[in-house]
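Heads up, the next two complexes both have subunit A, just with different partners, subunit B and then subunit C.
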Partner chain A sequence: MFDIPTPAFLDPVFSTFREAPLAIRLAMIFIIIAISITLLAYFSILRSRFRGHQRKKRLDYLLPKIDNLIIDEILANPEVAAGTPADRIQLNLDGFQELPLHKKWARQATTNRIIHFRRNVRGNAGQLLRSLYIQLELSKDTMKQMKSSKWARKVRALTEFIDMDIPVADVTILPLTNSRNRELRAAARHAYIKLSKNEPFKFFDVVTDPLLMWDQVELFRIITTTEDISIPNFARWITYSSNKSVVSFCLKLIVHYNQLPAVPAVIKLLDTKDHYLRADAINCLGKLRVPDVEDRLVSMFTSQPLQCQIEILKAIGRISSGRQVDFLKQEFLHSTNFDLRKAAAKSLVKNDWVASQVLQELLDTADRESLLILKHCMNPLIKY
Partner chain B sequence: MEGIISVLGKAYENTLFVYGLILLLVYALLALLSMLAIRYYTRKNTQHQLETLASSPMAPGITILAPAFNEGLTIISNVRSLLTLNYPRYEIIIINDGSTDNTMEQLVEEFKMVAVDFAYNARILTQPVRKIYKSTDPAYSALMVIDKVNGKSKADAVNAGMNVATFDYFVCTDVDCILHKNTLLELILPVMQEEKKRVIAVGATLRIANSSDFDEGVLIRMRPPRQLLPRFQEVEYIRSFVLGKMGWSYINCVPNVSGGLGLFDTEVATRCGGYDHSSFGEDMELLTRMCRYAHDNEISYAVRYIPRTLCWTEGPSTVKIFSRQRTRWARGLAQLMYAHFSMFLNPRYGKMGMIVFPFNFFFELLAPLVEFSGILIYIYLAVTGQVNWPYASMLLLFVYTYAVMITTIAILWDQLSFRYYKKWWEVAYLCLTPFMEFLLYHPLIVFFSLRGYYYFLTGKKSTWGNMQRQGFGKKKK
Partner chain C sequence: MSKILLVEDDEIMPKIVARILPTSEYELDHVSNGKEAFEKLESTNYGYDLIITDIMMPYANGFEILSRVKSQPRPIPVIIVSNAGNEDMIMEGFKLGADDFLKKPIIPAELLIRVKRLLMKNK
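And then the complex of A and B:
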């Protein structure tokens, strides 16, 4: 149909191709494809390394300059040291204006350094870094990233806003908290808690999918490091939330903030059918050192799965009221499970201010295995 | 008679054609899937996440298990390397598996270890534990040493460590491996970020340490190995981890988490009986059993891989030691296939039974046999003058260029994502290796695999053998 002219020296190749069986023809085509892809790969490697080298060279030149300017203008600023509020300090931006901030990579490098320093300082210096970020109009790039259709860019922008504490309107963040992309959804929720001025914990009420272990780590960091955030009584979600991961996370926050008013709600959680959640509740009560709950824990002990039983023994050790020494001794001597015996022994040792006599008695009379468990728990070199 | 031979020959030819075609397609698919997996990883994971986790009180605890047998040359620097890991909550358990050199004495002296009365709970049966040591120096409070009778396998030593492990996750490594300081942070992230499944194992890329620079057990300069044999292994590792394992990870079909470095769910690993000390491929065997246990107990599980290199290990630099290693691996694979053959094409075991196991059977276990039979028939046809040389050369060239392409793509993914190696010529050096691999390295692998299968079939007694390490404790000047 089409008669494509070919150089004469290729004629034998084309004639071989035309005369070859199908398998050989395919092989010939794939040889050309494989060679082309291999060459393309080499070119991509070369290009990527060249670009990386150029980037490194540029940054090696620029980063020390940025660092020096930040140190001189902010960290070593005598007004910061004197405790002058950040909003009253006039920043000298002349040095920064000499940076090639008209180029995108330079603006990003400056933003990254400001964020790096801000993560390591608090108070006035942190506020002044934020002020520098705003005055250099670096947030404009971040706003552009927020409008990108790529989720990774939006996540990066949200993280930047969180780090720089730049307020973002709820109407911008809220739709993202229901994004189909999990990473973006999580980043939007973190941003909402950190940046929203209206009920930052509101999303606990509406979240239906589980908070992953990683989400909890991020949320915990944001909640516990955000200044001027009003911490609610987390008992509210312990009582009403149907999302188990939210309840579990709130238990951790209750422990962190030592929220004793939440104790009745946590005690009610002991009746939950989910034994993972029950174990978390027992753990929380132990860490809050609620002595009144000891009798309840002991009375429910026999009907619990192993995980909850271990948590009960640990909680009694943490509470250390001295009232449950007999119970602990009984579990240590008569339980058939190694982990229970070890947990009971550890708790006995933690109650040693009243149980020293019992411990001595056990040391004198225990069989070989029991003696080993006791010595293990009493040895300060062994942590677990 | 001639008719039967001709029919058999045709059937063999067609089978081989389909076999080769599927293998080539699988590799092309893996190249694509690995690209997607690596792209997702690089977009999702940031340095900031690692910093957040490193300072979080909510980070899950991790136990590091590192068995040591006659590692006197490198033990101190390697333990020091483990002690520098960046993680808020971890313990290190070194298992001295009845070393006959001064490994134990060095540990006791260097880290001020004393024997303690430890309540040892033998959930998994092992050779007897003689003593357990803890350090009196608070700087080494995370360190514990188990001194046990030699169990003639790494499996027995790690099982003893699992009996002592405190935390829900354990990282199994070889004490001669050098880990990146963020290893624990990187390995635990996939566990914490998984939405619906329980992550029972996570692996990461391993590299050959032979020509890299280390100082006191810390990597300071990564280089491709200068010697040819370790360099072949480096290229093979890049292809296997960055392209193969990442591709499989994307569809939750990881067949193996390397014994050099892997994070495991302690509960699942313990409940399924720990490592099998009679296996020659104990790492793959454990993962297969863990997956099997998860299926049998209706645990929706995942096994993940990460493309970042987190572990450097000394690769065999002589053919003799290399042959021992590969023969053992092949024997382990044959053992595994035999022991778990009931999973083969068994829908009850999901992807494990329908994808991972059949792939390993056809394209890992049978591949050396297919290749060997192919070579024999090729020789027969050549001798009897039945080979069409121009066409045969064309097919050979096709396989050769395809193999080079796949390895080059693996190097490309690795370079685009992480830009390892300082100099461009070091990468060029690596890129040239696949051209020789097909001709020099691959025949060795086939031969040692066949030997491994032979040992498996004949039940030949085999020792673990000493790696005869050079050590990389000091920076090379």
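And then the complex of A and C:
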């Protein structure tokens, strides 16, 4: 039934196989499979190394040519030196037409090189590099990559658009800001903030998943280092967003941009049931140094969980109005929690412009542990 | 002709700087890390009029080069060209004696002007 014709020279092999006991047959099959897989692996490594070598050879030949063309056409362009605006300079693309730009790898190499140059020069030359990228129609390749189903290609395309400052429609990027893939999500948010000139923070409205701590760090870096973006009043998301991580993140941005008009919205957040968010709001008010809120914080102190109590003590220290010295002294002396005592001592030290007498009194009468806390907090070299 | 040492591990930047600084006025030597920079400086007996250096490089960073150069009897003016936007790093550079700081990406004409200004000042 399964009579497969085999070459005659393999007959002894097959007859040995047929006559062997079952264990030996299984071992033989296992050996054959192992050898085949090993050979396949070696072949695949060899193939990829050969392709890498070929690619390197091609790039070694092409990259100096691209560099020379870019230097001659952009950096050495007399009109750039004369200060002519980039949009009025007519680029001579004849040299670039001699490159094998009909091949995908050559186009990608040219794009990478232009981006590399743009990371090193700006001003008129940087604008001209962007113009070169557009005139060589390299942005079309990047647009194609955006439509790819592979996330890594989309990330690369987004990075290219950011580097070349090419505007992309909101409808293309916005859905990606909620992608399940972490890398793609971060790249899309980055791109949206950098490329959307009108509403770079619109994705705060559509973000459904929590912003992870690492996402927040990345976003904070992007927002605070991007030039020429209009910073909105973050109170808008404090008031309306149902995503707690967005609210928490906006509180950090309010502090960074010292947005005092957002204070009423932050004060309203003191009534929230989520005590993590409440602690963030107290932290924000402290860092904004809002003196009017001190009495409210002191009055709510006893009903708060530990995290909020610590933040209240720290906030009073940051505001440093000098009106709550007695409260801080009482917490330092009578609290049973070490963290609360430490926060109270630190805040007393920050209020030392009115509390120096109280501090001296505490130093004179303190027991061993209290003295240790006070000396720790008074040491200017220790931050925490 | 002024002798300039460029310490830069980026592949493109030396080509850009070489293009910005005309060969008729400047003799540019390039090394790609701190270790090579020290070797070059020792072998030429610190015979450069200006050093342009990046901060983050392999073997020895820009700050190490800066502190070594500034401890010489005849300190060579140093321009830091880096993409480090961190204020602390910039301040650290100036504390160590950097004469100028340029953030990447640079404006070519600005680099040329600053090089000229420093060389004039130290003549």
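We adopt the following convention: the second predicted complex is superposed on the first by the 239 of 384 C-alpha atoms of A that agree within 3 Å, B and C clash if a C-alpha of one lies under 4 Å from a C-alpha of the other, contacts with A are read in each partner's own complex, and residues count from 1 in each chain.
Everything below uses one rule, namely that contacts are C-beta pairs under 8 Å (C-beta built on N, C-alpha and C of every residue); 3 or more make two chains touch, one makes a residue touch a chain.
What you see is a predicted model, and the numbers here were worked out from it, not measured in a lab.
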*Looking at subunit A, does subunit B or subunit C touch a larger number of its residues?*
B
*asked:* Per the contact definition in the header, classify A:Arg119: touching subunit B only (first), subunit C only (second), both, or neither.
replied: both
*For A:Phe30, decide between first (touching subunit B), second (touching subunit C), both and neither.*
first
_Output check: A:Val290 vs subunit B and subunit C. Expected answer is one of first, second, both, neither. What do you get?_
neither
*Looking at the overlay, what does A:Ile238 touch: subunit B (first), subunit C (second), both, or neither?*
neither
_Going by the contact rule set out at the top, does A:Ala81 touch subunit B (first), subunit C (second), both, or neither?_
second
*May I ask you to decide whether A:Asp67 touches subunit B, subunit C, both, or neither, giving the answer as first, second, both or neither?*
second
_Output the subunit A positions appearing in both contact lists, the one against subunit B and the one against subunit C._
119
_Contact footprint of subunit B on subunit A as seen in their complex_ = 16, 20-21, 23-24, 27-28, 30-31, 34-35, 37-38, 41-42, 44-46, 48-49, 52-53, 119, 152, 159, 182-183, 210, 212-214, 216-218, 220-221, 252, 338-339, 342, 369, 371-373, 375-377, 379, 381-384
*Over in the complex, which subunit A residues touch subunit C? Could you list them?*
67, 71, 75-76, 80-81, 113, 116-123, 125-126, 225
*asked:* If we count contacts the way the header does, which residues on subunit B are in touch with subunit A in the complex?
replied: 17, 43-44, 46, 48-49, 51-53, 55-60, 91, 114, 116-121, 134-136, 141, 166, 189, 191-195, 390-391, 394-395, 397-398, 401-402, 404-405, 408-409, 411-412, 415-416, 419, 424, 427, 431
*asked:* Looking at the complex, which residues from subunit C come into contact with subunit A?
replied: 10-13, 15-16, 19-20, 83, 85, 104-110
